[in-house]
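See the structures that follow.
Each of the two complexes below includes chain A, the first together with chain B, the second together with chain C.
Then we have the complex of A and B:
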């Protein structure tokens, strides 16, 4: 069963010069236990798509279904991790993690226990009373993660969650997100990751939806069937990376940039 | 700008633009403490040397002076409490309601550009009529009027603080609270109110500075008959007598209160408010170093002013820019739009002038019906109003030119030299935090021997204008984007070329903001800068619109004159804003803004 169905979705924004189409005819599914990545060049509407799915914004055309019910307004059961963390600077780490639970109207004792659990899951012990400004970027994104996980979402939405971090920190956090997702005791049923980093997508995801340049449309859906842990230096990994790269560089534009050898890659699925 | 207009670019790098600019100089609180202390110390030493003062007598006047300061302080607190409640409510609704914004912000824009002090006499007359000029409630009239006046000098700036904090709340934070579906009181308590605290505290400091200025001015204005007991009337009485010892005592008390407030309230509050900052949170490593730096004030003040300039430019121009974009058809942009926009201004000016003439006719008619014919002397004075307005505009313009000639080189010099900003800036800050109006009595009574009345009026105008210009220019000069500066340096541009090609153009938005606010300060100062009489002693009387308002207030049957003069002033100010400043703003926003 599809957890999320994005069904022929268009989105355009009005501007002074008329409306600009951001994405056209987007269709794909997020299934149970899926780790799906969306990759595409800048401005192809990846992040906007994530916001449509969460219900922060409405599609211009088409429908998004969450558990077979159309998304209208902000949907419960999904939680977002933001690119620049979106932590409230005036709240402590504890209060930031409790943020979503307060909104759900949980009683304070329950909130306390839940917060403690996810603080420990994300390795934030000892920082409970610190303010976001006082901790490093990597720790901040852990808080973002803990805040999202604490409401026990079925789907974890991640909007370029590693792009504001330095490469080493990002690498470590990626592994942790993978482990969280594979842990059956822990919430997210499925993860939907938006990124412009092709290697990151292939390293983490089961499937990669490749979007074209603006207006974004689905170029291909690439199944990543490499065994985990994945070795970035393996030929198979490299081949997949190259295929996605070629899809993006050639698929979106009229003028081919004449790159890799297997440019006309297969389109699985 | 409506949210929908923003096209999201997910790969945009996080904004760290300002991280490098602010850490230039960090003068300590100690420097300004010393400088603050210097004022009363100076007075005391002056007293000790016995030139004009005797220490015993100065001390003797302190109790009276402190009582008067207390009266003034109570007025300030009352007005501030009102302004705080008003700012939160108005700012919140303006930011939260889409429709509200379109109406509420332009209204506020006009309210804040109108010279509020001009309304003071009218408000007094109204309230005194309500409470009676004698009897048990007589004291309420002038007191309420002064609280209203101080309120108006405090409120707008705080409303904009609330409004802008809510509007500039980063999209991600807003979305984060949306994704967790925070509503109602919880949303206000957890997100919206905290988001306003930082700006609210900074703007409160400004509001208090402005408040003291107007409080003292209001009390000086009502000196005739001593309707308002307070430090302003105390100072102006002492200067009129002349009683140097009492004057010194009053000055000492005023400085003490301002310093105490600064150290006991605003500095701790400012440090606490840092927590509620949500912009400039660089990603990457935590920026503990910047926050632990205790000196903070100047740097924070500078970055506040910088932000103020940025947001100020966008804010004041926003209604106008929106108007312009609505009017322009999408195909006809660029050159063709300019003359059209100008005809719009002229039309607007015409409508305002027509409205002004009609209003005056109506007022005169109403007055004639209810209070009998206008006295011939008053009628003659009413006919003089346009000429007086012209004289005042000229006076403000000359004062502005002089202020610019001082403030521009000073601001550039201080911003470009870290040594100058370490020592010079705290001094200037201390001087600026002192309400210039407190010195008006000395200027009038002391300098009238050396200066012509025109010169005295000009000097007082300048004290009411120069800080706006200086601080805006300083912030502009300091916020010069480091990459622009580096680019200029790497191309070997220096000296006059640097000034002409880089510094001055980048100063343009700050210059426009500073000029508008300086003119605003000028219009307000006119009311006491052109006319003053204490206990029937005529001390200052030069032709001008402020003089007309004052005479109208003081004279029997002068109400039509007062109202006509006030309306003339308001309309002139609005016309000048629409015809001169708003186009300049738009230019500043479109061409010279760099971010």
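Then we have the complex of A and C:
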């Protein structure tokens, strides 16, 4: 069953000189236990798409479904991890993680244990009373992750979550995100990752939705069936990377849309 | 050998080990760096500290997992913390800091006192102190109170989590941290505390 279904979604913004199309005819599913990545050049509407999915904004045309119900208003069951961490500098790590639960109206007596659990699973024990400014980027993004996971989302939305980190830190954190996603004891069911980094998408995801330049449309859905951990230097990995690069660089026009998505065979079901 | 202080962050070190795992556990250091389009000196600090923590061996420009390094990569996020805690405890610097914490009144060390310990190493003080705090916190070896600028000892063995059972006071296993400190003090076997300036001057 599809957890999320993005169904023929258009988004455009009105300007004084007429409306500007950000994305057109976007259609894809996020399924149970999926790790889905969306890649595309900057300005293709990747982040706007996440906002639409979470219900922070509405499509101009088309519908987004979450568990078969149209998303209207901010959807429960999803939580977001941001590129710039989006932590409150005046709150401690504990308080930052508790924030989402408080906003959802959790009873105060239950918040403590929940925060402790997600502090622990993200490796943040020892930093509970620290402030964001005291900790490294890698630790800050763990806080972003703990805060999102603490509300036990069915789908974790990640908007360029590793882009602000140095390469080694990003590599370490990617592995831990995979570990959390694979743990059946823990949320989320599925991860939807938005990234401009093609290698990162192929390293992490089961499927990669490739978007074109603006107005963004789906060029292809590429299935990544390499065993994990994935070797970036393997020929199979290189071939996939190359294919996605070619799609993005050559597929900037609407004309290539149909053939490319057929050619990738991204829908086994 | 000079006392080695922590380089990089725990997540960076993990990144390096994950990278090495992607190369089947052994690779030329230059090729490892190249994998992430890094210069060799960008992975060197983490590599050096991974060697200090006995997770990796570097011979002839080639990094290879130790058994423990392999174990760490395969471990859960929580288990990784435990492994790193045990390895940090074995380093001279952390041993010194932990003893100093045990021996100081209130089990606290000020920034200045920590700086004094660091001054016996070859480290650049500001970077070293920041990294020590970061690693010590991560490994749950001590806390840091940023308002008061002090390291605070973590009480071990830790009390039971959710207010349930408390061990009987007479149980030999449940030695209170203060008792441990007293015992160590009475044996006089803690020269590192002498690294510290007298409290009156601090």
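List of remarks:
One rule holds for everything that comes next: the second predicted complex is superposed on the first by the 252 of 269 C-alpha atoms of A that agree within 3 Å, B and C clash if a C-alpha of one lies under 4 Å from a C-alpha of the other, contacts with A are read in each partner's own complex, and residues count from 1 in each chain.
The rule is short, and it goes like this: a residue touches a chain if its C-beta (ideal position, glycine included) is under 8 Å from a C-beta of that chain, and two chains touch if they have at least 3 such contacts.
As the structure is a computational prediction, the values presented were derived from the model and not from experiment.
In the three-chain model built by superposing on chain A, chain B fits alongside chain C with no clash. By the touch criterion defined above, A:145 lies against neither chain B nor chain C after alignment on the C-alpha atoms of chain A. Once chain A of one complex is fitted onto chain A of the other, the partner contacts of A:175 are limited to chain C, with no touch recorded for chain B. After overlaying the two complexes on the shared chain, residue contacts for A:229 are found with chain C alone; chain B is out of touch.
Applying the stated contact rule after C-alpha superposition, one finds that A:166 touches each of chain B and chain C. In the superposed three-chain arrangement, the CA centre of chain A forms the vertex of an angle with the CA centres of chain B and chain C, and that angle is 80 degrees when rounded to a multiple of 10.
Once the two complexes are overlaid on the shared chain, A:136 sits against chain B and chain C alike. In the superposed model, A:97 lies in contact with neither chain B nor chain C.
In the superposition on chain A, A:121 makes contact with chain C only, while chain B stays out of contact range.
Touch criterion not met for A:36: it reaches neither chain B nor chain C. With chain A fitted onto itself, chain B and chain C come no nearer than 9 Å, counting C-alpha atoms only. In the superposition on chain A, the residues of chain A touched by chain B in one structure and by chain C in the other are 131, 134-136, 166.
The residues of chain B lying in touch with chain A in their complex are 4-11, 14, 170, 172-173, 175-183, 186, 190-191, 194-195, 197, 275-278, 281, 283-288, 291, 325, 330. Considering their complex, residues 113, 120-123, 125-127, 129-131, 134-136, 138-139, 142, 166-176, 179-180, 229-233 of chain A touch chain C. On the chain A side of its complex with chain B, the touching residues are 13-18, 20, 22, 42-43, 45-48, 51, 54, 56, 74, 76, 78-80, 82-91, 99-100, 102-104, 131-137, 140, 151, 159-160, 163-166, 194, 196.
The touching residues of chain C, when paired with chain A in their complex, are 8-19, 21-23, 35-38, 42-43, 46, 76-78, 80-81, 133-134, 136-140, 143-146, 162.
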